[in-house]
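After this come two complexes, each holding chain A, first together with chain B and then together with chain C.
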Partner chain A sequence: MQSRNSPRPSSTLAAIAAAALGLIACTAPQPAEPQTPTTLTIGWAADLLTLDPPNESGTAGIAVLHNVYETLVSYDFTAGTLKGKLATEWEVSDDGRVYTFQLAENATFANGQPVTAEDVLFSFQRVVDWPEAIQGSQIRPALAEATMTSPDDKTVQIALAAPNASFLPSLAGTAASIISKSQVLEAAGEDPEAQRKWLNENTAGSGPYQVTEWVPNSYVTLGASKSWWGGTPTYESVEIRSLQESSQQQAALQQGDINVAMDLLPQQVTSLTGDFEVLEGVDLSTYYLSLNLAFPPFDVPKVREAIKWAIDYDNIINGLLAGKAARAGGVIAEGLPGFDASLADDYSYDPEKAKALLKEAGYANGFSFDLYYVTGDSIRGLGVPLSTLAEKIQSDLGDVGIKVNVVAQDLSTLFTSYRAAKLPALIWYFGSTIPDPDQIVSAHGDWNTQATTRVSFNDRAITEKILRARVLTDPDERAAIYKEIGERLSEIGPYVFMFRPIPAVVATPDVSGFTLTPIWSFNLS
Partner chain B sequence: MLVAQMVLRRVLLMIPILFGVTLVTFLLAQVIPADPAVALAGNTATDEQVQAIRERLGLDQPIWVQYVNYLERLLAGDLGTSIYSRRPVAGEIALYLPATIELATAAIIVALVIGCTLGVLAAVYRGRFLDHVGRLFAIFGASMPVFWLGLLLVLIFYTVLGWFPGGGRFDRSVPQPWPWTGFLVLDNLLQLNGPAFIDALAHLALPAITLGIMGAGTIARVTRASMLEVLSQEYIRAAKAKGLTRRRVLVVHGVRNALLPTVTIAGLVYGSLLGGAVLTESIFSWPGLGRYAVDAMFRQDFPALMAVVMVIAIAYAVVNLIVDIAYLFLNPTLRR
Partner chain C sequence: MRRVSAAGTPGPGDVSGSGGARGRPSRYSVSGLLRPLAKLPGVGVASFVTISVILLVAVVGPMVTPYDPVEQDFGALLAPPSAEHWLGTDQLGRDVFSRVVAGTRISLLIGVAAVLLAVTVGTVLGLLAGFLGGWVDTVIMRITDLFLAFPALILAMAVSAALGPSLLNVLIAVGAAWWPEYARLARSIGMVERHVQYVDAARGLGVRTVPILVTHVFPAAVPPLLVKATMDVGLAIVYIAGLSFIGIGVQPPTPEWGLMISDGRIYMQNAWWIATFPSLAILLTGFSFNLAGESLRDLLDPRHQATRKGTNAEPKLT
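Here is the complex of A and B:
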């Protein structure tokens, strides 16, 4: 698939044709509509690691897989509800354990074969049988203990061992992509290792596009599935070009070499506004300071509260991030059940109050701590270096008498220490990879998870609520509990929530059929 | 014959060197307090998942067992599989290395042409206008941040003038050659693929000039100093006294002798270019070894890291060998 030999239409011919069309358009009286190009070219700094759905956890890979494969269900972020995709309808038994899915009658894979219950079972069984596949952890625990059957060709029944309300939303993640069993067997045979090797570099999905060529660190090309059961894809092909520098993306966009620039800095976005279309997306990741309660004085609630009042959030958002972020007061992002906008108002910049709280806590003269962050990392979608955020926090906390030593470390080293609960404080972010709050509140409040041991946080009340919400079948009741959890996490949790980035993507005006989405970056259909 | 002997001796010497390199890299990788399994497992992984990955990668075994296993596989010609991409490291190196060699070679040619010319001219016209120009250029070349120069060239020649492409190795609308060697310029030349040859050269131009100017500064300074020293030697005076033309004195007696240090420094520059020019690769989206090496380091992708370090070590050894062979030709006294 990596042969670079297929002859391509000459660009000169295309230019002549375009010029000729332009002449015709000039003679015609009607106003000229911007023509949608046949190839969409996207410049992106992110790279793919693999094309195998349960094993890809990177942003670019997830975006590609989301447009190549389809899942049983999908999520409507505007309505905040699940919607059908390959499954047109589903039923949940009263005890919340048995899920029965009806597959779309006309759904087919790119190779023309119908999507059947057997493909679903094959895809899910792969995830169960492959414990190290990173992204598979979204659905593996539930599926591993479930009984999966196919009463008929178009019906799938999954009986979970215990009720689990986040199971259905987790099926919208790319790890739960439905792969064509027959295509994989034909190409790679029965051996699972051979299948993984093949799916690492090839796709066998039912989405609007399939990967036709992939040269790592250079580009990946998606070709439209002519027979896509969901309609006709907007473009004949979509090329994602690896462009590492934001300046290079800006230049390529202005030269007309790419249609979409994914990683422009806020000031570049501003300078291009007017001539280009700016698409604003939603990122579910929350940036926060993570404080380890095992390191005094973070165990003193008033000290944590003082830090929450000492940070100049408005200045960070409007100055440092040029307004391309939203104040976040809690861990649950907008669009997910349990989101509470009012949490953003709980803490604001009040250094006097912070000093008073420190005095009450017995730290009138302040204290000092090490604040870690990832070397060379920048804020998702905005390109602003994390180091500037660290320095801003250092200066804000310095104003109330807290001395911050900023320590930069590479991700692997930092994360190893973080997991081992050896870091007193760090700048961290957490983004949901499934459209459900269970994943993110568990990682911040359920003391059974590894994530809460990193900050030595052990709150029985929050844990119990999380466990209860997980088995609730009534959506409203569930959302209400998540709201309570979110509130309590913001109040007593060892986290100082700061903001969620608002990623901005700049496109040429002729681009259509390209929309931004949380979790999966973009939709091409 | 002498050359053949030297090559053989060097190749044999490379075996203990490479062995040492693997050992040192291996030990250094152990010193870093980062667990690749943790990084690979991701944010929400449980301890059991991390342990499962550790076992799959063999990281749960004692260090010496890991090292012996690694050597065994290496001797069997297996560089291992990348922890992250799950592709064979040998294949990945084969994908990125030609791009790096191509860029480094083009850059060293640019550096040598500019550096030697300026260095010789500066020495010959010492204290005059050309000397000042050369020195200014040398300071400019050696002290300028590479990303700044790269971005400047992109801005001028891509954004404003539109003469050169802004990045990558080739234009996807031009039919590409069969990847015989992986060096695009060479492949196109061998297959007489005219348009693609020009396209490949055009893509190579800006990154090669960026890196070349950086190297040219150093080479110019060394060449100037060495040329000045040579010009003050007795044999130059003797040559002049013999009545040889100024041109013959400078080229045959001067430049030829002055080039020895230049060759050494050019070898070092070339070696460092092969080690990966990360920033330049990044600015021009050049799919080379530099970024692969940095990614491997940050991700603790051990098999990839070991392979990259070994490739760079081999590259240095080979370049040094070429430098020494060049010495033999430039300096006949060494041939005795």
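Here is the complex of A and C:
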């Protein structure tokens, strides 16, 4: 009786020792043996929201959809030009309004059916008929006023109401994915609601992989399309596991549970270099502080300027992020038309100047505000928690007399208040999901979009320039206008642009056929 | 010469019956594990000495720490323990030693305050319920049951989340989760004391209810309440750290232990010192208060005296 009720100290010690040994065993490096695996397992902190292309705006979902569905055109990041995918060639009429696409003769869906003009029209019409689909806004405004026809089975003609320079690049985004009409009709019938319900959980694409199983917040499994018209996929299946923390990912990688870890800390990447392969990528997303002009004193331009001078950018980039980020001065990233490297030099760390500006603005004694960020979120591809960044910003602004209360909120709560323009300030990032600057500058400067109303930023000059750039067909002229927009956003915009992460993904040496892309995270073909 | 009125009502000395009201092993499994340890010679003294040291650290520590606990030093990010930074630095270059020391005051302060809140509310309501009986008893006890229906940590999480994360709200949340246990304990004492002779005598002399409660009934409740409160301070500190760990407790950059563990856990493989030392601080504090509570029980509870002297009630542990 007694021995059962009171554990002997020796057995307790033994248990502790065993637990400690277990811990050590878990963290000891165990490099995987080099052999070509048939399954690729990816550990990622990001989760899918839906499988329906026009409605998915999350990073992980877009990455999956990019490998499951195909689009008419794609983007060559090294050349900076569009290239054909499902459309082998296309023509644009002289007035810049009518686009004629020729579909690839041999393109087929995963179920073996050929990709036809009817599928294209079906996919695009879905976006037009579904105003609530978040990502659909990439192409919906242009398509809604366009006339779409199919002169024959392999030809699609789209006549826009007005010339639109961002239309063709926007067709490379996942919202413009081509879905198999026959497969959807067979599975869900004619009712659009039923179709959305089915496509929310199933895929009907022409890409190298199709989703075979999806358990939200847990994992998603992609199975190779044996009959893929573009060749043979490298892996039989690809599993993306939801591993929220970088330490979990490192342990899983070292134990051989996963082949690719997406969100390791720069320090972890350094310690794993040698035993593992490090793939460095480019991310077009920009991290910044978003200030809502409806909350005084953010409406005072000098106060905004003071904040821009008060952030210790160098130590954030080289200290917190261990150099794995590039200073960003605007929203347009390198590789897109209108990118201006010199914007990064507009503001640097100068607390004295910030204090002087605050004094000029009448805030010599500072002020206080609430800075929001998403609970548990970390910087894309770097694993550094946003809370750490928030504490650094809190300390920097504290040095110039601005008291910052950091508030962590879960994504849905935060997003609801953000959409209602109720947040004074937040740490935010914005990444392009199409290879064109129109989307990203519109979201930050065009008063006609909802995004700018959330920060109460209404600048007529910027709005006019954005509208003008959209209808221009001369690429150089467009790029020049985007540069002007970038300058003005940097100067008077309610955004304190900080950096763009340089993501580093760690993979076992046997991984092949996995490449990072600046927009859609990765390519599996 | 005490008469126990209601059958099965626990007597004032039966401290272990108080928290068992929940019928779950959660809290008492902890002290149950520690009980044999508490009976080892010298453990009681050692735990009180440790608590005294922790108290001393809480009072004078923040004045003598080598660094400001919230000051960031980008020249020394994630620095390992060294002569300069005894317990290393964290991801923002803050000195871990200074933060652990500064955290002692915060954790102890909220821990003690939360338990005090729970004891005050619980004792007042419990004594009233037990002593007055009737509808007062029914109303108070049904409210207590309502609170007891939720696991304490879930309740604390809900209250903290509803009030919004802040230092004061964490205190309220933990206090709100804990008072029903004290109410039950105090009630059992109130019920017994209601019929003892000296209370009858006081009543006969015309003393009113409140003075009787204060001068005659409350002193009888002090020993068991003190024992339970001492043990609970340790648990309250663990709860507060838990709430801060999941982000609904104390907010950054306050040097709070739970928060430090939360910040440091992702660096465990590269900078183990960030999360390890605050964890040890929580372990030591929680452990000390629990053992001190066990020792106090042996001192204050006559029925545990025999085992204390180690005669033949329980075999000695080696």
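By definition in this document, the second predicted complex is superposed on the first by the 485 of 525 C-alpha atoms of A that agree within 3 Å, B and C clash if a C-alpha of one lies under 4 Å from a C-alpha of the other, contacts with A are read in each partner's own complex, and residues count from 1 in each chain.
Keep in mind that, in the parts below, a residue touches a chain if its C-beta (ideal position, glycine included) is under 8 Å from a C-beta of that chain, and two chains touch if they have at least 3 such contacts.
Everything quoted here is computed from the prediction, not taken from an experiment.
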item: Contacts of A:Asn365 with chain B and chain C, given as first, second, both or neither; value: neither
item: Partner chain in contact with A:Thr78 - chain B first, chain C second, else both or neither; value: neither
item: Partner chain(s) touched by A:Ser271 [first = chain B, second = chain C, both, neither]; value: second
item: Touching partner for A:Ser247 - first (chain B), second (chain C), both, neither; value: both
item: Contacts of A:Tyr219 with chain B and chain C, given as first, second, both or neither; value: first
item: Contacts of A:Ser395 with chain B and chain C, given as first, second, both or neither; value: second
item: Superposed model, chain A: greater residue contact from chain B or chain C; value: B
item: Touching both chain C and chain B, counted on chain A across the two superposed complexes; value: 5-9, 245, 247, 251, 376
item: Interface residues, chain A side, partner chain C - complex; value: 2, 5-9, 27, 245-247, 250-251, 265, 267-268, 271, 312, 315, 319-320, 375-376, 383-385, 387-388, 390-392, 394-395, 405-408
item: Residues of chain A defined as touching chain B within the complex; value: 4-11, 14, 49-50, 55, 57, 131-132, 134-135, 137, 196-197, 200-201, 215-219, 239, 241-245, 247-248, 251-252, 254-255, 257, 376, 410-413, 415-417, 419, 430, 439, 443, 449-451
item: Chain A partner contacts - residues on chain B that touch it in the complex; value: 32-36, 38-47, 49-50, 52-53, 56, 84-87, 92, 95-96, 151, 154-155, 158-159, 162, 165-169, 171-179, 282-285, 287, 291-292, 297-300
item: Touching residues on chain C, where the partner in the complex is chain A; value: 33, 35-36, 70, 72, 74, 77-78, 91-93, 165, 247, 251-253, 263, 265-271, 314-315, 317
